[in-house]
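Quick one: the structure is below, questions incoming.
Per-chain residue numbering starts at 1, and chain names A, B, C, D and E are given in the order in which the chains are listed.
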């Protein structure tokens, strides 16, 4: 419990200091909300809009979660294939790198045209593509980078490639997997959110942010930004908890 | 010589990958014509590959001197340069953050949430701030221009994957290796440079790959966001506006971005090969 | 130049046969190393052969070639009448590595269970067998610990337990007792002899301890430093080992013979010279 | 900066026109605004000013490019840098922050920014009517907002949706229940693919895109007959769009006031020029780096002209009635989140007609027709892809 | 209950003093292990003390506590008259670990150079010193190889060379010769004695080899299995070591004494009983 408390106060402290500085800056410099809304303004918008915000976060969060799940599964599958077949590795790696470089902004309109814009599908697909690359790259590395002795051990037991995979490569890749997931989780949220900029159902955080920003209602826009930050942190913390829970040996302390 | 050959082989494989995706594209299109797919495979949504290729040689607008291809190549090259700048800044900042977070446990807990948070702030909220604040900056004779804003945004996207990967990598050395360094009363700096960095490579390299892609994305996105002229991002929006009537054109521009990504990945891969040249074969990617 | 075992071995009785085996690492490069040079060795079924030789002479490499973990640059390997690859695929041997090579993500017990899992044993049977073996190496208390919580010697014992978990006809053991204290080591030696007695396994055993080699082996193969060659093969006839064996005259004689062979000096004792070496 | 425009053509501005305009300005200065004393025979030196657009160079901004290329700005002793926009560039914010001296913005958005503290003033209401349409296939029979009931109605969001909401509400429908509102992106694929029933479109851009696309059934381009359009001007909910905005604070500074006067006048002269020379203006735009196809560009120029002309009160002069309607919609129409564009009646300083009126006087004195009462649009044939 | 060295040591002459040291891993958890219990040990300056005891009894842990690589759960450690932490920061000791812990990304030579680099030696001096040491461990040929290209024993020798690179007054060595063949081992033992002779270093040395412990040490500290306690301290008086030492009567007596102590049996020989154990 004490441990947990100790891990909470530093970010809270920093947040409080930053927010105070921000508020002070806005008040002292008399910065107008069209430029930079004060935290107090954002907060009042946040709390007055909580209901809508919850609904929007739920919509965008669902998109992000779906995309994260599919993207992760795809990334892992591709990594498994790439590890197993050099040909796949050689073919997929550059493709994945190329695909990863296509900006969401360019991708979304194309996908919106390929899939029904009124559905969630194009947004989930955008998220899948964003999530895929970090998962693929990290998991591939984790699957490949095993200790030579351990590989020899498996070979000496005549483990089939599949068994080597299950008993050695996969557990070895787990810290890499989580590294990838930690990168992918916040990106999934932002992808799901940005995908809403280009039309489609207008109930998510992204739509709300653009609509507020377009009206220079920056207090409201930032309130929604805060909601998306909370959503992103939630995703990240879930991954962290998952790591602690499923792979305790990776987070063992190296110092006594 | 051997490296050159490997590089050439890599390019061949990349081309093979492109070829396969082209075939898949056309296959899906064809299938869409035969059976009902849950997607729109019409020429407007998924133009034929040859339509795209055909569009490449066309003049950009009627009567203009430059062809679409030339425009895309020039814009990609311009953006790639900005992306490279963003990548370098992003990697430096990401690495620095990772080092600070690794070094001070309370910093990890204190900073990481903000690093995550930074990535969930949509650019729409940031771009005006960055350009707005940027416009007021001038260091001596150097006046901030929007290109710097673009580079800044590219770095902003690039630093995150790197800091997460680097943090994990810096924590990767075995307990014994750390004890060895401790037994030498090695300074944190020495431990960092002589142990943690080399040991972090397996995590650092994939992180750099993701970062490189993020820098490219960031550049394009920022170009679109701020409307900076000359880059591929601007071209994509301009062509996208004609997508109703000329859907193939925008795909060509997108393909330019893909090529940028490929070049960025190739650079990182070359770096990877160089950095891991001394590790056992099994430990190489 | 081939070294025949003391008895007349028919093909079916041969556990391992190496003929003219060479192993060159990084051939043609600046860091070329000839690890094995013209190795001829035959191990008959049920025989216990020790490999002894200076550090870096190629003992581990020879085991790895026999185990089909690396390919000989030249020469042929036969294990149980088949190629090394087939023997590996048929699981005709078990191997204990010089490094423990435990999996951090498994508990001690589950590390021992690994080969059983690969052979498809049921969960319960696996568990029983693993605990049996951990009992034998005196680590039952640590069954649910993680490998990195163990001392060096304890890790090595886990690796030994793992190598004995399944019951292959041939054991390849690379300095398995190197990190153990004398008492534990003697206990383990006796366990190994007991297992061999009961199962008739053939064993190739790398060690740096001359008394250990003599105590355990039917023959001690002495290798010379780089390039690794077999310089001597010393037959040991201690009969049934027991408490007094280590005190016996013939034991000391054999120890001296091996020591002399290692130092490159000739001794007239129970020793068969190899070819013209 | 990469957004500066080429000035090759501006150097070639006909000397006679420049001289004429200069002379006219002098004449105007006697009759009208206090600030218009500047444009002398020869400028001692050019005042550098910048203009922030909402978007990339295109015929929507034809008047400003024409003014630059034709030397109207120079003749008014201005050295104008035109800053192009981008997706996330908010021109009125850039203006208020001092990133530009003038900005083009839609009135409701600028009023919203004003409410958030951006002190800006509408100094010339260039577009006299709204260019927003709701386009649907003819067989859907959507001819008025009342027909939206039960349909999937596309809108862009980004604050461009208020006219739609106002129209729906005005037609007695509940935006939340009676229609399905769908975000649409900046192409018209969703409409053509039948994913939505009616799409939001600007007369000068998206509507043209539809007409530049091939009808897969006929293999020919779509024709206007294939569609119905709902025009929000006809629905009585139109809001003012493109206007020139200046910094309210800085208008207290005589130099800036003077520059504003000259800028408005030269810009409006540019628009007059484009009215009379649509093709040439379209070419100027293309020469300034627009990537739009030639026929599309010309179409846009022509449609933009229709939004400006005729200007019964004079070009750039705000019509209080339409302004009141704009404010009314902005104040009272709620979008899906229940938000309105503004929450309070804007202050009187939100606009001034003084600059436009002075400019009109000066331009009239120059012999130019500033109302466009005889304006007749040209016929533009769209080619496939706008080429 | 404290164990006094044979001579009367004044504080300045004390190299290491451990008083009432306990080490409990994972205290309060299911996998709690008491590795060290009430350890009292004083090593005088210039003394060579061996630690011997069953696998897992806490020898490595004791070294790591002395080296300030882990904290004692209870008790006090003094090294060269200061705290363990100060001594570590002052580089008052050098340590050879049970695992070689070589850095894969450095060549063999540059692994040996590592501690020199950290002490800011110039490139040339580093190189000369490293080659000297590699010469000593007979690995000069492998200077430019990578660690993973070496055999187990060769890796261990690199680690030994590395631990001797700088010249600290105290050496902590954890089974440094465990993976070496007998000949190499004897050579290394003599090298170590020579270095000690020349420099007057204090050495704490963990080994499983009783003859090695006896041959090298002034005192042999015998530890018991979990929880690790010091059960006996045996003084060895072999005088100047030479070729014949290993054949001397007193050598065998000491060996027997240590062996008996390890087996928990009492022998009347050169042995000082600890407290009431």
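Heads up, the rule we're going with is that a contact is a pair of C-beta atoms (placed from the backbone, for glycine too) under 8 Å apart; a residue touches a chain by one contact, two chains touch by 3 or more.
These figures come from a predicted structure and were not determined experimentally.
A.B. asks: Note down the smallest number of touching-chain steps it takes to go from subunit C to subunit D.
C.D. replies: 2
A.B. asks: Report which of A-B and B-D is connected by more C-beta pairs in contact.
C.D. replies: A-B
A.B. asks: Need the most distant chain from subunit C, centre defined as the mean of C-alpha atoms.
C.D. replies: The most distant chain relative to subunit C turns out to be D.
A.B. asks: How many angstrom between the C-alpha centroids of subunit C and subunit A?
C.D. replies: Subunit A and subunit C have C-alpha centres separated by 51 Å.
A.B. asks: Rounded to the nearest whole Å, what is the centre-to-centre distance of subunit C and subunit E, using the mean of the C-alpha atoms as each centre?
C.D. replies: That pair's centroid distance is 29 Å.
A.B. asks: What is the distance, in whole Å, between the centres of subunit D and subunit E, each centre taken as the mean of its C-alpha atoms?
C.D. replies: For subunit D versus subunit E, the centre distance works out to 85 Å.
A.B. asks: Taking the mean of the CA coordinates per chain, how far is subunit A from subunit D in Å?
C.D. replies: 40
A.B. asks: Which residues does subunit B have that touch at least 2 chains other than itself?
C.D. replies: Residues 40, 44-45, 123-124, 132, 174-175, 224-225, 240, 243, 247, 280, 283.
A.B. asks: For subunit E, write out the residues touching at least two other chains, lowest number first.
C.D. replies: 69, 99, 148 - these are the residues of subunit E that touch more than one other chain.
A.B. asks: Listing for subunit D: what residues touch at least two other chains?
C.D. replies: 87, 90, 93, 97, 186-187, 189, 193
A.B. asks: Considering only the defined contacts, which subunit C positions touch subunit E in the complex?
C.D. replies: Listed in rising order, the residues are 25-26, 30-31, 33, 52-56, 59-61, 98-99, 144-145, 149-154, 156-157, 175, 178-185, 208-210, 259, 262-263.
A.B. asks: What residues on subunit A touch subunit C, complex-wise?
C.D. replies: So the residues of subunit A in touch with subunit C come to 147, 149-150, 152-153, 155-159, 163, 167-168, 171-172, 174, 247, 249, 252.
A.B. asks: Tell me, which parts of subunit A touch subunit B in their complex?
C.D. replies: That would be residues 7-8, 10-11, 13-15, 35-36, 90-95, 97-107, 109-110, 113-116, 121, 133-134, 137-138, 140-141, 144-148, 151, 175-176, 179-180, 182-183, 186-187, 189-190, 193-194, 197, 206, 209-210, 213, 218, 221-222, 225, 228-229, 231-233, 236, 254-255 of subunit A.
A.B. asks: In their complex, what parts of subunit A are in touch with subunit D?
C.D. replies: Residue list for subunit A touching subunit D: 32-35, 49, 52, 105, 108-109, 112-113, 116-118, 196, 198-203, 207-208, 210-220.
A.B. asks: For the complex, give me every residue of subunit C touching subunit A.
C.D. replies: Touching subunit A from subunit C are residues 64, 67-69, 88-91, 93-95, 97, 99, 101, 103-106, 114-115, 117-118, 146, 148.
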